[in-house]
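Right after this note come the structures.
Presented sequentially are two complexes of subunit A, the first with subunit B as partner and the second with subunit C.
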Partner chain A sequence: MAQPLVKKDDDQDDEVEYSPFYGIEKGVVLQEARVFNDPQLDPRRCSQVITKLLYLLNQGDTFTQREATEVFFAVTKLFQSRDIGLRRMVYLIIKELSPSSDEVIIVTSSLMKDMNSKTDMYRANAIRVLCRITDGTLLTQIERYLKQAIVDKNPVVASAALISGIHLLQTNPEIVKRWSNEVQEAVQSRAALVQFHALALLHQIRQNDRLAVSKLVTSLTRGTVRSPLAQCLLIRYTSQVIRESVGNTQPGERPFFDYLESCLRHKAEMVILEAARAITELNGVTNRELTPAITVLQLFLSSSKPVLRFAAVRTLNKVAMTHPLAVTNCNIDMESLISDQNRSIATLAITTLLKTGNESSVDRLMKQITNFMSDIADEFKIVVVEAIRSLCLKFPLKYRSLMNFLSNILREEGGFEYKKAIVDSIVILIQDIPEAKESGLLHLCEFIEDCEFTYLSTQILHFLGIEGPKTSDPSKYIRYIYNRVHLENATVRASAVTTLAKFGAMVESLKPRIFVLLRRCLFDNDDEVRDRATLYLKTLGANDTAAVTDAKEFLFGSLDVPLTNLEASLKNYEPSDEPFDITSVPREVKSQPLAEKRAPGRTPASLAAPATTTSTIDTYERLLSSIPEFSNFGKLFKSSAPVELTEAETEYAVNVVKHIFDGHIVFQYNCTNTIPEQLLENVTVVVDTSDAEEFSEIASKPLQSLPYDSPGQTFVVFEKTGGPTVGKFSNILKFTVKEVDPSTGQAEDDGVDDEYQLEDLEVVAADYMQKVGVSNFRNAWESMGPDCERVDEYGLGPRESLAEAVAAVIDLLGMQPCEGTEVVPSNSRSHSCLLSGVFIGGMKVLVRLSFGIDGQKDVAMKLAVRSEDASISDAVHEIVASG
Partner chain B sequence: MELCPYVKNILLLDSEGKRVAVKYFSDDWPTNSAKEAFEKSVFTKTQKTNARTEAEIGLFENHVVVYKFVQDLQFFVSGGENENELILAQVLQGFFDAVGLLLRGHVDKKEALENLDLILMCIDEIVDGGIILETDANVIAGKVATNSMDSGAPLSEQTISQALATAREHLTRSLLK
Partner chain C sequence: MILAVLFANSEGNILIERFNGVPAEERLHWRSFLVKLGADNLRGTKNEELLVACHKSVYIVYTVLGDVSIFAVGKDEYDELALAEVIFVITSAVKDICGKSPTERLFLDKYGRICLCLDEIVWKGYLENTDKDRIKRLVRLKPPTEF
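Up next, the complex of A and B:
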């Protein structure tokens, strides 16, 4: 290819290797494209120019609309040439230019001529190009040719037509559906890929007709599908049919399972893999069904091909999440994969082993991983750290070796995300395993001695301030904290000062020494550090108890105004003699979107890591405490998940969150107005309590205005008798509706009162139970003692399965399943389940459930409850008895 | 559509991660910069691996990517997170071998750029709109090569069919080794 004339700017390296496209420029190439218009075409030169155009597009260059049109028109001239190579390039560039519909007409006749040509290559390509650029109107004209092409004896032509059919089905389904007979004939083709394409199209034509798909699968699984790709497709369709037929069949005799199993003996590896994966993903797959699939995957593990090993270990990794025992047979092969060259495979192997490992193998495994960690990338390390964290929560007794591992890797090199994952893991372990607290805190202290990340340092200092004073010997942390004041940047120093103050506030014996340290901080060269030290010296140094309580509240309490509002107010504050008044910050949260979605201003200090639940509670708590009427209800006990009170897609979407307090209950109705032409004002919910006599409404807080698509909340408050009071509430949404002019967005002055029926809401006993896990159920159970134990037996009647019965009871009680006992192995006849929770009033409750199922699917249950108070144990029984 | 094996892109990069020829089929990467970012991330994450004897594999940004290197060229094929890895590997193998045949065994960047038309046609013959069209290297190369054979290009010193025969022989020899 000729060297282009124009050289590009000199930012290219001089010693750049030879490239036929060196220094190529769009403008020049577009000029060159004029050769397309020559009366005497030079096919070779034209091909070169098209290649250059394609090269430009490929490198990410774009043509303007005008340029594209010009090139397109010039290219159409090239249909005159009879050169096959050039024609091939013409097809390519037309597809790349994707001409607009009025331009397409110009090439239509040329392409249709090619479609009827004697050269198969022309026909196949012309079909693909035409179908790519055409629209529906043209399609009816060429439909006849396409139908013929589908059953053409040349497989290339048939495949081209079938693939085009698959693409066209998205835009013109009614036309493609008429080709059913031809497609069906093509499924029987002897050419492997034609069979594959035909099957794909046939299934898509019928995909909305379950019966037809089922028939298709039935007939084909008996027949002879030759192509491996078609076989893979058929496996996917089969598992879809199996999924959809759930419930219609007896357990034990799953339809088509024999077919899937026979595919495990197919000669093509891709079919074997597809079948094995399909089996492992079956709903409620049994161990007997899994075994053959696991066996072939195990063979793949020792393959010489990385792709096969990867596919196998990835599948087994997924199986290990639900059926860890089934995978243990592969552990030896899996361990040898830890040293695999491909680090993705090694990481998957490690995490699989961590999932399947039992308590006794943990130590050995950790030794192997330690060697492995040094030579993988951070992203893989994070995966391993997360796997270790869940392993530690599973085997709390092994915390020592796992914590050691975490602290070792914390000392090694690593990026921020990786270090953060480790720190988060240690924090979670400290929170969940009390025994691990002291050693974990010390590891964190050592880490901040040499930590390059300010964010992590401040997080750890904050966490130390909360947890440190509660340990047996708080003084040993002081050294680590005070070192920060000497050695770090201002942000960390300020944070260390606060942590010191927290120790001073909580541990009386340390106070004098802390004061000495804080006084030294008064000479810091940073304003913030000095200010904090002065403030804490003053507040903690006060003599009367009230001031000290204030100081504690200031140090440990959370900010009671929304952070965003505070930020806005501070920005508006102009420096003057008048000090900034925090009470002037509005507490009303402005049209706050459904609270759980965008938690407003979560303080960076919330290191409480499994944060999803805590942070929603925090958010709710902050939201409720911002409303003065609710401030004297005490501490929020529990907030339920939102319950939808409207169908999806209605005019007004309303859901409700139940906030439980000791003597009160607050319904928070989250309302969304989905009509752009309306503005709702004075929105309230009128609640009828005739089915909930023990509740009495004491207040309601209307929503002033609810504009389109900007959610808002209205509240209704009830007083209730203590204990788990239940009842049913019917709700009506009342509001004043005003028309909004969509063009201006202005609402009219006059509104009409209207109301909207919402669905009923129930308060059930489970609302009074907090899901709180315990790390070691047996210990907790033993230490609770049998004094307040209540045991009884219940018949649950016929149930679909044991798993369903267990899930129903857990749901009814609203408690936290412990130690993974909520998972019922399929086909088991009995099961025990351990639950823990905190009942309203702060009473810890532990529950042991034993289930049994008989041949008639009748489920019997033994319920043993232990708690700190016999009446609570009785209450739990009452929940079950009445549920 | 969602059940059919789907190829999201085919990439041919050089040893510095620059494009030789790429083709995207899915709209996961709407802009050119998104595409370049993906290429860069895949390129950097695969540099330490040895994908010269056997195709290698990885999971990058929720895409399964299979790849194979030769000389200063790097071949990549990507699919969805749950795609059958072996199907993608077969597409890669078809692409890799077909390019080998078309470039008569001299597979390097210079040769690839000089025959970019063949490479682009080759990709076009392997996947159409994400759906696998053909994976047999001989068939693919045959389809691309027949086109030029009849053109009677005066400057080619040997006909493509001859070249193809040599290349095929070359390939069989290397496979038998």
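Up next, the complex of A and C:
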């Protein structure tokens, strides 16, 4: 917050002494405000006091309720003065003081009088003040005047009423919606700003009425729009209409495109950019449509105005994600922006170049970026690091220069988030590019030699323990790891001990030397470090192989209890003679907590990311195997993603995961109780299988208790006949509900039985298919041979687009698209798509799909399936035929 | 919505701040973020040269005028282009009132008038008036000339 000017340096006192606000204090100003009560008002003096009050408020000072009330009441007296300058100040200060609803009544009559004044400017200001402080009841009284004001001849009055309408629409929509005739009239106003404000309000009033918005756009794109600001709004509304009209138009013809294109030749730069942006964001935009937009954006890249350069490069950055080739023409202009004074522009230019660059330009680009990195802030650097990571995954052959770049910036100064982004990137590159492993690990080793962040050091040590022993010469990492035992804090030392033990467990030849090092750690001054060293020496030093296997399992296996459950159990454990028993920790996995559920799309931390998918399956497998009823079902074939069975934000949130076994299927219902005043007990789901006759329910495992915001699971198990059996299940959640006293958190003893209807659930053929990709489809296809190949053709009928048809078939089969063939270039008339998967029973399946679309949007498809068993190929055809 | 208009002196002290639709607890964050942004980038910038940044889905356009730095923050329809227009109107109005690029002293001398102008330019997060001559008349409660 601002410091009052008194606190400035003495050297600058010359100016300070004369500052109008020198030594200003709230208490004194409030005293001075008493002049508002003088019988003979001095307008000049009053204006000065109001200015001081404004200064205090604008600096973030606050008035107590009582102070605000006193000042407000005093200010209302100033309506008696006829001085125009003072009146204008009064309007402003009333808005700033925002009086409470019971005080407003004091000024209402004065403002109503001004609102009907012959002086236009009194009317405009009174409208603005009234709308700022009014509530619904007063609004109905003044509505008539506001409607008149909207069509007032004076543009200032009309604008004041229109903007008031925009604000009031949030609080009193039903009243403002009644003004649409007047607003419609104002849209035709000759005053540019009135038209702008009227257009904004009219669109907000009608935004849920597609037809009305479409009519509005149609009439205005043919008529006259007087200000660039209004033109920009119209372009946005036009894009909205285009988006919503997709599918209703003939191919090759896009409504309003001519209008957007004509805006590219508008005289206002703002309008040109808005139109270019709208064109680039069109669904399925073609190259022909893109070209003129990209051309104007390219021109703006070399504009002298930073805002235009920023707007252009920001738009091109977005285009580069979907149409990188269309942007390559701008690369030269973009490269000159790397040295732009404005760092936001430079960062956008670099990340765009990284997206559009080809393999041959990588080295040159990296050279330019190196100079740039030293003088930008961490948040920009993180964006660049992430772009480089994607570039490296795109061009794996370039890993050497990109990895070098990452290791160089790792050595430079930077905050935690930045360093973490670099380390995460190196870890991902090591995991995805085998050739990069050894150099990447050495870079990480060098980094922990001088790393100030304990978290990063321990994460890297953990990663080294897993990857290091698998390298050609594991011994070279030992020095780096052992150095940590000497030089670091206890947390890092303990991690280093574990990493050493991992090397000892995996690399027999290193074991004796590792033991020497571990023995030295027995003298560490930290308990944890000593305990770990003792434990590993004991377990790894055992003579029987079973013990060593146990030790490896302990070092490398994941903990088979959920960490959160373990943490909760440890917190509840009271130190006593009885040791903590890890088997007492509940193994039921809590499903996502509420907060995460409402924020989908969160990216997981990348150090843990590659393990996430497997760990989900592992977790499910462990969870299911810990339940005795399910232990004899054999190996889990597939678990589906959770399917929501309730709408968002209902009393009870339920989703279901389908676990597929050879002869069984288990529905895992993850339930969350979102009502703090309720405790649910004996929660079950009653499943009706009348539309799934080939399934028979054999068991149900109820959830004993479901407190507020603490998710739990209930299971229902079915036996099924062999093969990909499908069906539809309707579900009802049944439970006993008990009231909870919010103050004590205690539930009442008696509960009431209740039930809650859930959405239906389907088991589809795709549930029996695992998405398993192949690295080289052609080789895999050839080696599978044509013996069990089945080919047939299908008519898919009229579809929205080819891309939509391809996506629907991929979804139906539940297979993994290979070699990026799931992406359909826009406007193409035919497409081939390659899929691979493993069908239940462990059979590999490969699919070749050829699609064609005609002028009537009828899609035809040829499906060729190869698998290890002809019956599986037939089954895949059956899925498509019945889907 | 124009989320904030902020004036600061060359030392980063706030002279005027106006927030619209920004919760009170987030204002401190914005205030310090903007002041830091200015301190990092505005040194050596020419008068009225616009700088631009974005932070998540929010845009920031800022500039320096004499001793005063001016920041405008917006989202949705108030992107960098619309904000540039807002800043342009603000700087021309301030120059008009002060007669030149203001020193801090001059700015404070004309403080009341500048507040009135700002009230005419941005009203609760929307751009209301864009012409400096009209604004000049409006703060004196005179109707616009074209009327």
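Note that in this section the second predicted complex is superposed on the first by the 586 of 883 C-alpha atoms of A that agree within 3 Å, B and C clash if a C-alpha of one lies under 4 Å from a C-alpha of the other, contacts with A are read in each partner's own complex, and residues count from 1 in each chain.
Please note the rule applied: contacts are C-beta pairs under 8 Å (C-beta built on N, C-alpha and C of every residue); 3 or more make two chains touch, one makes a residue touch a chain.
What you are looking at is a predicted structure, and each value in this text was computed from that prediction instead of being measured.
Taken together in the superposed arrangement on subunit A, subunit B and subunit C clash. When both complexes are overlaid on chain A, the residue A:Leu86 reaches subunit B alone and has no touch with subunit C.
Contact with neither subunit B nor subunit C is seen for A:Lys355 once the two complexes are overlaid on the shared chain. Legend: residue contacts after superposition of the two complexes on their common chain; A:Gln240 is shown touching subunit B, with no touch to subunit C. When both complexes are overlaid on chain A, the residue A:Arg389 reaches neither subunit B nor subunit C.
Look at A:Arg123: by the touch rule set out above, it reaches neither subunit B nor subunit C. Shared-chain residue A:Thr51: touches subunit B and subunit C both.
Contact with subunit C, but none with subunit B, is seen for A:Lys153 once the two complexes are overlaid on the shared chain.
In the superposition on chain A, contact of A:Gln204 is made with subunit B only, not with subunit C. In the superposition on chain A, subunit A positions 1, 18-21, 47, 50-51, 54-55, 58-60, 84-85, 87-89, 92, 95, 121, 128, 132, 156, 159-160, 163, 166-167, 193, 197, 200, 229, 232-233, 236, 269-270, 273-274, 305-308, 310-311, 314, 342, 344, 377 are in contact with subunit B in one complex as well as with subunit C in the other.
For subunit A in complex with subunit B, the residues that touch the partner chain are 1, 17-21, 43-44, 47, 50-51, 54-55, 58-60, 62, 83-89, 92, 95, 121, 128, 132, 156, 159-160, 163, 166-167, 170, 193, 196-197, 200, 203-204, 229, 232-233, 236-237, 240, 269-270, 273-274, 277, 304-308, 310-311, 314, 341-342, 344, 377.
The touching residues of subunit B, when paired with subunit A in their complex, are 1, 3-5, 19, 21-22, 32, 35-36, 45, 49-50, 54-59, 66, 84-87, 89-90, 109-110, 113-114, 116-117, 120-121, 124, 128-129, 131-135, 143-144, 146-151, 153, 155.
Of all the residues in subunit A, the ones that touch subunit C in their complex are 1-3, 5, 8, 15, 18-21, 47-48, 50-51, 54-55, 58-60, 84-85, 87-89, 92, 95, 119-122, 125, 128, 132, 153-156, 159-160, 163, 166-167, 191, 193, 197, 200, 229, 232-233, 236, 269-270, 273-274, 305-308, 310-311, 314, 342-345, 377. Residue ranges on subunit C touching subunit A, taken from their complex, read 8, 11, 13-18, 27-28, 31, 40-41, 49-54, 61, 77, 79-85, 103-105, 108-109, 111-112, 115-116, 119, 123-124, 126-130, 134, 138-144, 146-147.
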